[in-house]
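In order of appearance the chains are A, B, C and D, and numbering begins at 1 in each one.
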Amino acid sequence: MTADVAAGSGGDVVGLSAEPISVAALAERVPPGSGAVATFEGRVRDTNEGRKVTRLHYDAYPAMADRVFADILRRTRRTHPVTAVRVLHRTGTLEVGETAVAIVVAAGHRDEAFAAASFVIEAVKAELPVWKREEYEDGSSRWLGGEPVEDDAREGAG
Amino acid sequence: MTADVAAGSGGDVVGLSAEPISVAALAERVPPGSGAVATFEGRVRDTNEGRKVTRLHYDAYPAMADRVFADILRRTRRTHPVTAVRVLHRTGTLEVGETAVAIVVAAGHRDEAFAAASFVIEAVKAELPVWKREEYEDGSSRWLGGEPVEDDAREGAG
Amino acid sequence: MIAEAGLKVEVQLFGRYRELAEGASIALELPAGATVADLVGELHRRSPGRLPARPVVVVERRPAAYDVALEAGHEIALIPPVAGG
Amino acid sequence: MIAEAGLKVEVQLFGRYRELAEGASIALELPAGATVADLVGELHRRSPGRLPARPVVVVERRPAAYDVALEAGHEIALIPPVAGG
């Protein structure tokens, strides 16, 4: 999977990235009217639900991700007075501490920047078609998100 | 005025900085349990209240700023479950687009990081003893914050 | 009268559903006029016990209602609950 | 009985209040036992019309109530409303 980045109005950027993400690079060159820049990074934690995590794999549906990213960008700009919105989400294999998702929002004032950054991360988590598989110290791994297929299926598929 | 930075628990940093601030540098090496890193930058805007701003000067009371920063750090840690809190505020002369204040908060999860970053910037704006003088395109300048002395004084000082 | 041909679809698989097939997709032949519900029924027959009752089916890059009729050329995917960030 | 000496204080000035004096501070002599209110009164006498009625006086790096008694050696500052960020 290659980085899939589209530049839009005000230097907007959304996309998947197979390469490590630098939020600092993503925050460069925001419009000069931006008095406030808020960023958010989701990083791979070393533990989850009490288990020691060694790395993470992100699967993604790139064509649908494009559509979802464009939707999120459109809704963010319609509902928040921002000067720039930039979002990248990683795919592939990530080590502990690596950036899974990075968001940069620039705005005239701080409340607008915080509100928009929060709006974007909530939308990304609820809608972006990516899926996380955690690997643990003992060599096992599992997909996260929703119930395990088998459990759901026992009652549902009969 | 020299940079006045104190390192504390979890790599906490607070202080004034006479040198340009890099939020990216400030965000380096957060503890490995940090699943979320939120940052905020206040930057010098090119306009304020309809006037074209060319640069900004920040005066500060460094000894009191140390005390206020320590207070803010203590309150943030007492009320928010964060893994790192870092705050720098510039002093001296800033050009348009330069960073006036930078905040980095790391936490286990995103809500904690956003809430703490917002808490810190509100506290800094309400309490940190720094004062801003704006310079305009026409060569004039004025101190910001509160009413002009003369206006207050007319009714009050008699 | 022209005999109705079956509807050939290819269902892309993502996340944990990739494990339902070797090549990250499943080719199916459904009756002409088949809906999303028919597609899911067929998937349940092929992989009993390995899918929830009502998995999300994405048609043309948007989650589709179960009464949507599938057409030749539709981009179709089966996705688990998303888990980004 | 020992004659009461006056209280010598140096008031640091910040922000727009720096313009009240040349050297960013004002040296004052107040009566022994003088309070913050007395200090502000003296500042108003020296710089009529150039200060608000009740400016913030910082004693030992904290904003002080007007009834606080000043002591020799106190770090004292006069500050306008803060304007950071």
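The rule is simple: a residue touches a chain if its C-beta (ideal position, glycine included) is under 8 Å from a C-beta of that chain, and two chains touch if they have at least 3 such contacts.
Quick caveat: nothing in here was measured; it's all calculated off a predicted structure.
S.K.: Remove chain A in your head; which chains still hang together?
M.R.: In the absence of chain A, as far as touching goes, the chains form B, D | C.
S.K.: How far is the middle of chain B from the middle of chain D, if each middle is the mean of its Cα atoms, in Å?
M.R.: Computed from C-alpha means, the inter-chain centre distance equals 26 Å.
S.K.: Take the average of all CA coordinates in chain C, do the same for chain D, and state the distance between these two points in whole angstrom.
M.R.: Chain centres of chain C and chain D, defined by C-alpha means, are spaced 77 Å apart.
S.K.: Express in whole angstrom the distance between the two chain centres, defined as the mean CA positions of chain A and chain D.
M.R.: Here the centre of chain D sits 53 Å away from the centre of chain A.
S.K.: Could you list which residues of chain C touch at least two other chains?
M.R.: 85
S.K.: Hey, what residues on chain A touch two or more of the other chains?
M.R.: Each of 42, 110, 121 in chain A touches at least two other chains.
S.K.: Going by the touch rule stated at the top, which chains touch which?
M.R.: A-B, A-C, B-D
S.K.: Going by the contact rule at the top, pick out the chain C residues touching chain A in the complex.
M.R.: Contacts found on chain C: 12, 14-18, 44, 48-54, 58, 61-62, 75, 77, 79-85.
S.K.: Would you pull the chain A residues touching chain B in the complex into a rising list?
M.R.: By the definition above, chain A touches chain B via 23-24, 27, 32-47, 96-97, 108, 110, 113-114, 117-118, 121.
S.K.: Under the definition above, what is the set of chain B residues touching chain D in their complex?
M.R.: Going through chain B, the ones touching chain D are 42, 58-61, 63-64, 66-67, 89, 100-101, 121, 124-133, 143-147, 149-150, 152-157.
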